[in-house]
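In the two complexes that follow, chain A is the common piece, with chain B as its partner first and chain C second.
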Partner chain A sequence: MNPYRRATLLCSVGLGTTLTFASSHWLLAWMGLEINTLAITPLMAQHHHPRAVEATTKYFLTQATAAAMILFASTTNAWMTGEWSINDLSNPIASTMFMAALALKIGLAPMHFWMPEVLQGLDLLTGLILSTWQKLAPLALIIQTAQTIDPLLLTLLGISSTLVGGWGGLNQTQLRKILAYSSIAHMGWMIIVIQYAPQLTLIALGTYIIMTSAAFLTLKMSLTTKISTLATTWSKSPILTSTTALVLLSLGGLPPLTGFMPKWLILQELTKQDLPIIATAMALTALISLYFYLRLLYAMTLTISPNMINSTTPWRTQTTQTSLPLALFTTAALGLLPMAPAILMLTT
Partner chain B sequence: MLKVLIPTIMLFPTIWLTSPKWLWTTTTAHSLLIASISLTWLKWTSETGWTSSNMYLAKGPLLTPLLVLTCWLLPLMILASQNHINPEPISRERLYITLLALLQTFLIMAFGATEIIMFYIMFEATLIPTLIIITRWGNQTERLNAGTYFLFYTLAGSLPLLVALLLLQQSTGTLSMLVLQYSQPLQLNSWGHMFWWAGCLIAFLVKMPLYGVHLWLPKAHVEAPVAGSMVLAAVLLKLGGYGMMRMMVMLDPLSKELAYPFIILALWGIIMTGSICLRQTDLKSLIAYSSVSHMGLVAGGILIQTPWGFSGAIILMIAHGLVSSALFCLANTAYERTHSRTMILARGLQVIFPLTAVWWFIANLANLALPPLPNLMGELMIITTLFNWSPWTILLTGLGTLITAGYSLYMFLMSQRGPTPNHIMGLQPFHTREHLLMTLHLIPVILLVTKPELMWGWCY
Partner chain C sequence: MAVSKTTLKTLFGVYGVIHRQTLLLPSTLRCSVILSSRSIYERDYRRPGQPPDTRWPWQKIQFDFSKGVEGIKKHIGLLKDEFVQRWTGPEGRPLIDHMLEQTRVQWEFRGPESLSQWVVSSDQEIGGRSEAYIKLGKNNTTCMLYGTLCSTPPRDGETRYSGYCTLRSKQPLASFDRKKYYDWSSFNTLHMRIRGDGRPWMVNMSAETFFSHQRDDIYSYFLYTRGGPYWQDVKIPFSKFFLSSRGRIQDDQHVLWLDKVSMAFSSPRTLSSN
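Here is the complex of A and B:
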């Protein structure tokens, strides 16, 4: 793509999200979300591959539906209460519609069905933007309105997302779909605690962005999209297979890696709020996702697959991709647990 | 504590920067040095409770023997792995030893932790190096399944433990063991509290393992390479026992009724797994099931919550750790020579390996709890306290002792006595390294006969 066009589109994506962050009026928030959607659409379809175009169409339709619902909900709220401000969402019909629309935007179950198919049609870098940056604006809106939304709805969205994220990923062999289901599961963890301690949602989001970026950038570095090609990455970069193994375990939430931190803090908050059964249920659903992370781990690092490999030393040739972001994200995805008090202080 | 923890952490640069020629010598020597320093912990300065120079890591009569066992085991693991890891590329050798040292670090921090959440995180952290050792360096295809079973059984038990600990923190305000031992007894009277009780203990019961949730252990022990089997049998199972001992303090008085099913499972497990041992064809599988059997006795002793029970449990844990690890080393020597774990392929070994027959003899006698070895001390104390709790348990424990004697002798006679088949006449003789390994396992067991005060905890 023409670099000027790509720069303009990326800046517009950033503008849309930032506009939503900065807004206190629902129309401005909606406008930011729409700019975001419109700007990322050409980025998603840039390869003009039929699969990419299909993914773009699905994404556009779902996001446009969600944005239209936001518009409808905000006008309903304005009609009922006369308020356009984001923080004053007092009408229960409007607040439930908002939550449903924002859940559709970020891919929470049961509004998650578009996520795996859209992510599958994209190349890895655009998929990374979809999984990380595109979640920021809707989550900002959800955090601001969480106090007024029905608690039962938030809890149901959270638990069903972790369940769907776990079970849906079990049968996948395409890595982008696996990462989509992992995204759904992590969003579930973020939503369940939003009504009690929004700073934990931010911590969960931050650690999720770090770990997902590490995962996507690894796949981009070794140019793999399926489990069968993942099995041959040991010859492309042996060190990457070892560190990505730990990143996968971090995504699964095993101590003492970073991925354990949001789970621990969220479980602590849930038990403080006298919800130990929900806490136990969430913890056990994380085990389902761990199963497919473990399968990826086995395929990539712990076994040498009997695939035909044309040469066993492609690691000798230097890659042309920049490795600094991958190195940063991988280190952060593995070592941030001891810094949990500092991170908590930063977000409170 | 830091005198041992920091050198263990500094093992990592040592492993990666030593020249390949000196790798095994250096790591064995350094870990042996660390083990000798850890022996100084055995002189403790206070009668009961903890000795600590800070609030976060402490030593005491309960956990010092386990800590010393952990530190002692690292040079033994490195010694045992030397043969089968040597052919690999140098960076993989370094990676393997790094995993062992990492496991060591996590174990020291787990046993020495005074805050229960720190213990929990280190308890879980030991899963990752063990998983990698089992699945990457195991020898058969079943190792993948073994790793999955190992990880998921342990995690399914320990995630409810995390929630239970967070609930405990919420109600008592602290999770430091130093403080909790003086806290008020908790009012535990509702169904919810019963689930909390179960949540606290299930993780450790799975780790021990208790009979009903023991399926991960034969798979993991059998598929793991020798260092993995050693550390699993000797130390990781004891993490479960230690955790249970710490948690039981807080769980009264509910334990009087709720412990019944688990004690019954433990005792029944002794007999069932002992009987399974008599029918095994796989040598490592036999030793693994014998581990389940012994740990069933330990679990019974801990759940009884009497002073003799706790003492017997600790003694049996230490003795079983050393002896079980010794048996796995012996099984590995047979495996390295015949490349098979089937017992009938490596039989009648006394004729060709006479000194090793002595080690087999002593290890099997220790396994069947021959007096005056510490295994008997522990078993006898636990059997006595169980008899005091209910006289009917003598039927199960007595029968269990008989079956233990049966399969230990079976193991010895199958591997050592009888006609030596022709296909193993030409096997490689034993290395000095392997003899050293066996002496380093068995001499502590014999020496502990002379000073059992080192092992039996606060109750004396």
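Here is the complex of A and C:
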């Protein structure tokens, strides 16, 4: 793609999210979301491949539907209460419709069906933008309105997302689909605690972005999109293989890695709020996700995939990809747990 | 001459409009003409030369209770299998199988039930006179596709060329008739064992056809048969398949993505240019 066009589109994507962050009026927030959707559409379809075009179409249709529902919910609220402000979403019908629309936007179960298909059709960098940056604006709106939304709805969305994210990811061999289901599961963790402690949602979002970026950039560095080619990364870059193994464990939420932080804090908050059953259910569903992360780890590090050549290290030219972002995100994904108190202080 | 032809055409067009308007004047007829006309993007296939099917949807229902009960049992069984398969691994097999496999036999003809995975069609669908049939060969280990190819175009006023026979694999279906796709991402070659009669064939594959944009997208490659008494092993790498849409080869070519292949079929092309 022409670099000027790519720069313009990336800036528009940033503008859309920033506009939604900065708005207190529903129409401006909706406009930011629409700018976001429209700007990322050419980025997704830039390769003109039929699958990329299909993924773009699916993404555009779902996001446009969600945006239309948001507009409808906000106009319903304005009709009933006369308020356009985001913080004054008092009509229950409007708030439920709004939550359903935003759940569709970020891919929460049961509105998650578009996510694996869309991510599968994209290249890894655009998939990374979709999994991380595109979640910011809708989550900002959810955090602002969480107090007015039915608690049962939020809990159901959270638990079903973690369940579906775990269960759906079990059967996959394509890595982008696995990361899509991982995204669904992590969104579930973010939503479940939003009504009790929004700062934990922000912490979960931040750590999720760091870990997912590390995962996507690793896959981009080793140019793999399925488990069978992931199994040959040990011969391409042994250091990357070992750090990726740890990043996967971090995604699974194991201590002493960064991914443990949000899960521990969220379970602690749920227990404090006297919801032990929900906390237990969340912990158990996290185990299902952990299973497929461990399966990736097993395929990558604990097995030697059959190669057709005799030597163990195939010849590979020096990569021209920039490795600094990968290094930064990997370090952050592995080593931020001891800073948990500082991060908590930052977000409260 | 040309001027008179165009004036004739416009006259006919005007006459047609006037004619239609006379139909529209009585109010009852007017309602039926407007409501029963279909858009050009109707889904059902219309055989060239036939009028469009303008029945109402409720006139197309064929209700059968026992078939319904059997269908429910079958689909719930398939759904249960899908849930249970997840415990084992991708596509119901352990991951180690998936990682270690180098070849997979997708279709083989062993017994009469293997023929039910294939659909044979010829240009009789569009009114031509070709015929094609499949039957099991000797010892129930091979399948024979036989018939006659007739390239006389049907006289329906629309079709100019004709003469084809097609052997197509059925779309695999999951529970409740959802489309299922083959995941051939571990492989890079299509290997067929065939014995032909010397005619050139075309191997076509289609991928995801969810949207109308890609509905007619087919990836094709040629298959030249030898016609001898010996069997031929044909290996076609998937990267050789070229993209065409509605029979027209696309300028913007892309490689076939193997993680969602939906069906493969082959059809002979006649070399005469009728």
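Heads up, the rule we're going with is that the second predicted complex is superposed on the first by the 339 of 348 C-alpha atoms of A that agree within 3 Å, B and C clash if a C-alpha of one lies under 4 Å from a C-alpha of the other, contacts with A are read in each partner's own complex, and residues count from 1 in each chain.
Here is the rule we use: a residue touches a chain if its C-beta (ideal position, glycine included) is under 8 Å from a C-beta of that chain, and two chains touch if they have at least 3 such contacts.
Source: prediction; values computed, not measured.
Contact with chain B, but none with chain C, is seen for A:T271 once the two complexes are overlaid on the shared chain. In the superposed model, A:S228 lies in contact with chain C only, and not with chain B.
Residue contacts after overlaying the shared chain place A:E54 against chain C, while chain B stays out of touching range.
Once the two complexes are laid over each other on the shared chain, residue contacts for A:A286 go to chain B alone; chain C is not touched. In the superposition on chain A, A:V118 contacts neither chain B nor chain C. Within the superposed three-chain model, A:T303 lies in touch with chain B and with chain C [touch as defined at top].
In the superposed model, A:V193 makes contact with neither chain B nor chain C.
In the superposed model, A:N171 makes contact with chain C only, not with chain B.
In the superposition on chain A, no contact is made by A:M99 with either chain B or chain C.
Shared contact residues of chain A, touching chain B in one structure and chain C in the other: 303. The touching residues of chain C, when paired with chain A in their complex, are 85-86, 89-91, 95, 98-100, 183, 185-186, 207-208, 210-211, 213-214, 217, 243, 252, 254, 257, 259-260.
In the complex of the two chains, the chain A residues touching chain B come out as 242, 245-246, 249, 254-256, 260, 264, 267-268, 271-272, 276, 279-280, 283-284, 286-287, 290-291, 294, 298, 301-303, 337. The touching residues of chain A, counted against chain C in their complex, run 48-51, 53-54, 57-58, 120, 167, 170-174, 226-228, 231, 295, 299, 303, 305-306. Those residues of chain B that touch chain A in the shared complex are 95, 106, 120-122, 124-125, 127-128, 132, 135-136, 144, 147-148, 151-152, 155-156, 159-160, 162-163, 166-167, 169-170, 192, 196, 199.
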